């Protein structure tokens, strides 16, 4: 059994890790920390876990995370970088669900996240946890930077096109929509029910932190200079993410070839579902599951290709992806404990 | 023109007052205070008011509310009692949307609201602002205590039955449901979209502050001892309140007589709509309007009578009712500025 | 492996059976019928099942259900009674999720459902599928009548009180609230998003088909005459059911005794969670899981006891409960394949 | 008083016309037709109108629409073209909220709407009812084709940029999102609450009927060939539309110049609100009102300009816009009866 610790168990990615790991056949939940909720049984905060998770939150000071085999950080950025070096030294593997190790360029990280990076020496070592494109590196990693939710959809959607050199890398437009849980479990007016229900808006158009992460990753797929316009929007739903990705075709290619390209690319990726050409994937078809589904469109058979990508932002976009990485790091089947079927309706 | 001041314009009852008063033909909005947002144009916080309300928030210290003809307090309890005495002295009328003057018994108020009452001498004078049952007192009042949202539905629903002595006053069960806006515009986890959407629960079953207010008012309608079980629930909708009121019939009465009783009672009340016997009023039929709709049921023609009552908790349950009181206090038609039709769908 | 057939796989209870059975370790999905969708791959209608359910719908005429070990009817009432006799004769067990076998009294059934009962001889044999109160009968049954969703909550909530003779059986008030999926997957205006979102209403107050089922079952628990007022309401959420059950205490009993009564009653029922006295169970704590959670309240320590009961109407209220019955009928652990943790948030 | 008739009063644009016209100071509601609901009081179907609209639906055969001054068609396409010629002959003005007269090219209409156009002679005469760009023609018109909801946002958003020749007309990408009421009040599974709540998806990507309408109108603004990719999505909210419009700048222009261009263009249009550069308009800021709000963005000060446009699809996107046209046709102030403030929250 893999002994698992979770730092920051009171947020949405934390409780989602608990939901997934509580039924994972190879995992023993060992410690869940929360400075604020020290001593509180986890199931008192999340009644959905009554009878299933018997741990209590413990203060980070008391929890001996060094006894764990792996520690997940379901925390705001800045926490993992403070604790990871010591844990790694103690032989504990680390998976960070925040941004601390996603961006290799220290200066870029510090510009966007407004804090100093305290262990830049680990940036190079950290594996980027997008299994579909980086499986081998994750298998051998001690430290994994779990991708952001939006970047996951943009990378998996644009990768085959960029790699094949079929679209203008300098003219990518990603119009993305997220459910409200992406904002986290924080007391804020903007994400109150009365503010975000029955409403739709864009946000952060001038600059979202997922832009530098995505641009840097997309740049790896092509020799051309990547230019990305990324527009996030807030959808009045709890879970779910839908990215509408536009690319300008620069080569002559048939729809069949486009479809075959994607099917071939993801044929060994159990969590990527390439739907028939012209499908309209729905976010709910992934609700609560680790599946990401995508479909291709080409309006009027013109020179614009559209990739529609959906996922559950808390599963494939966060905690499920992190468990997927853990499976790879410990030599398990990639799908172990991640076979939940989406809740529909 | 009536010069109107609003203390506490940043909450939901405040912005609702602004929506209603900005189109009120006899009102001139004069001052809106907010300590925190001093100087901010109101329409910057609430873009729905762009081009319609040109005032800026002003600090309570700077705003000269004594120049107003009437001041609404759209504040948490405790604020109105601190400022009302001075305003009244200056000849300004006061309408408090909070609880400061709702409960005549100082000790009961202090027990439930956990603060000292600083001007108990005004408690007796304050008119209870339920126009349908207290119209004359409101007309002559300097100080009005606007009723709570739940109490409005319970009083208008039970009044005809209690007054006619038809039900057991000691066995009232009010199963009430409110939209989330009733919780106010406060940064809290419990009313986040991700917490309260796609969810339903009871809350405050052990004791809600609207219980003593309601019990005291209901007691005025009958010589028998009132016993009220009040169970509030939270509905995943922004606006709307639905009260399901149960009464045990103690006299022989036909359904036609019951219906006639209600129709007669409210025939001169423009904001109470007695629907046909056996109807199922929907909250959305009152969304954005000052109407309260109700309908009677009697399962199996037995000895239980059910009154279904719906209203928009922010309008008839709060700001609309307050404007209705203002109209009466200033000798206007009760319906002036309150003729908005509910938004459906 | 148990060979399972599903009649009527295109509704919400059908797709929910598929979600549960596709991961059930002892089940082999063998046939899913739909007259209208003959030949259509199930996953084309429900993309959440892509890669997980590879069957296609087959016309009832072609499907050989007699090869199954058990057949679930996820159909409107009237269908199971037409096909059950032949299936039983062929040695196939039958679980009906509709009402055909729930009401023992043929005349009562026909009055409420407006159709003739074509196999009344099976009414007596049919086991009522509420495992918590009828486990042994289900274990030995060939034919199970899966309870209605509302009746499940009312029975499990009232049973301990009625059995112990603590409340007035003639004065039960059940104020119940259901998510919209309870209305099924039918093209109707009333349950359109634009009609039922941001709205709340009661419905069927004059008489709901779950009343006779519930009354008859409750009557088994007590020698006193049961009098039940049941008021269903529609909540703008997909899944979830919340019943607020009122009882009038007729004996002197402490809150501790009430709590102990419920804990003792359900200590061996893995899907009933008796929460601490005074808790407010949320429907989302059961979303997607087979758990039913309940909590007791006693306002002002008076003579009214309130039982708050929540469940997922499609799982414990329908398909999960049916699988629970199947487990018992085939000698499996009651919880097999039903250990999904609720999706929160 | 203008005598108004409404053909097809049972859909969402019909009831919205009633909500607006019932409080319009210059209108007398004269007839509302519905073949199916002949004789039913309008307020029985829409309780929000109880006490406000006292008409009953009448069969089209009985209603004498020729006595009206103007008739609105709130019907599916095909109805207005059948009745308009006769009404016009009788001196009645006609405003069609459907598509019958939106597309000047008969062949294009017939290709997209799959029906013959029965009065092509009126196509040229019909004024396109987008007041902001076509005010004079509407003022003099007998017959107005009210624009589609999506096309309204796309035209008002792209017009200043195309007219000024600032963007590549051949590379327009409009990523649009609509609330569910846009699908109308029709019994369909796809727009059930349980299907479209807590979900997000694109639809009609391969070809939506608003594409030819929009392309033809946009073409009027520029000599260059228009190329438009239009991707509609369905948002789980009742009302509201958000269009995210992308344009590729082809000239050197500052953000201040862009902002000034829009402010100048719409300075005399009371229903278009040009928000400060970089704002994020929310759909709810227009809920129930005839306002359309827009804001400009320019990521990284690069060569992509984004116009964010929001409106209430049933008001500015349909019925409010139609009343705006009526006002112009009858020489009234454009804003008469259309001063409702958006409902927020």
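Going by the order they are written in, the chains are A, B, C and D; count residues from 1 in each one.
Keep in mind that, in the parts below, a contact is a pair of C-beta atoms (placed from the backbone, for glycine too) under 8 Å apart; a residue touches a chain by one contact, two chains touch by 3 or more.
Computed from a predicted structure; not experimentally measured.
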Repeat of the B-D interface, chosen from B-C, A-B or A-C (over half of contact pairs identical by residue number): A-C
Chain of greatest Cα-centre distance to subunit A: B
Approximate Å spacing (C-alpha centroids) for the pair subunit A, subunit D: 39
Approximate Å spacing (C-alpha centroids) for the pair subunit A, subunit C: 36
Whole-Å separation of chain centres (CA-atom averages), subunit C against subunit D: 45
Multi-chain contact sites of subunit C, meaning residues that touch two or more partners: 12, 179, 181, 185, 194-195, 197-198, 236-239, 281-282, 284, 287, 345
Subunit A to subunit C touching residues, read off their complex: 12, 15, 19, 22-23, 46-52, 181, 185, 197-198, 238-239, 273, 275, 281-282, 284-289, 293, 314, 339-345
Residue ranges of subunit D in contact with subunit C within the complex: 12, 179-181, 183, 185-189, 191-198, 236-238
Subunit C contact footprint on subunit B (complex, rising order): 171, 173, 175, 177, 179, 194-195, 197-203, 205-207, 227, 229-231, 233, 235-240, 242, 244, 246, 248, 278, 280-284, 287, 297, 299-300, 302, 304, 306, 308, 310, 345
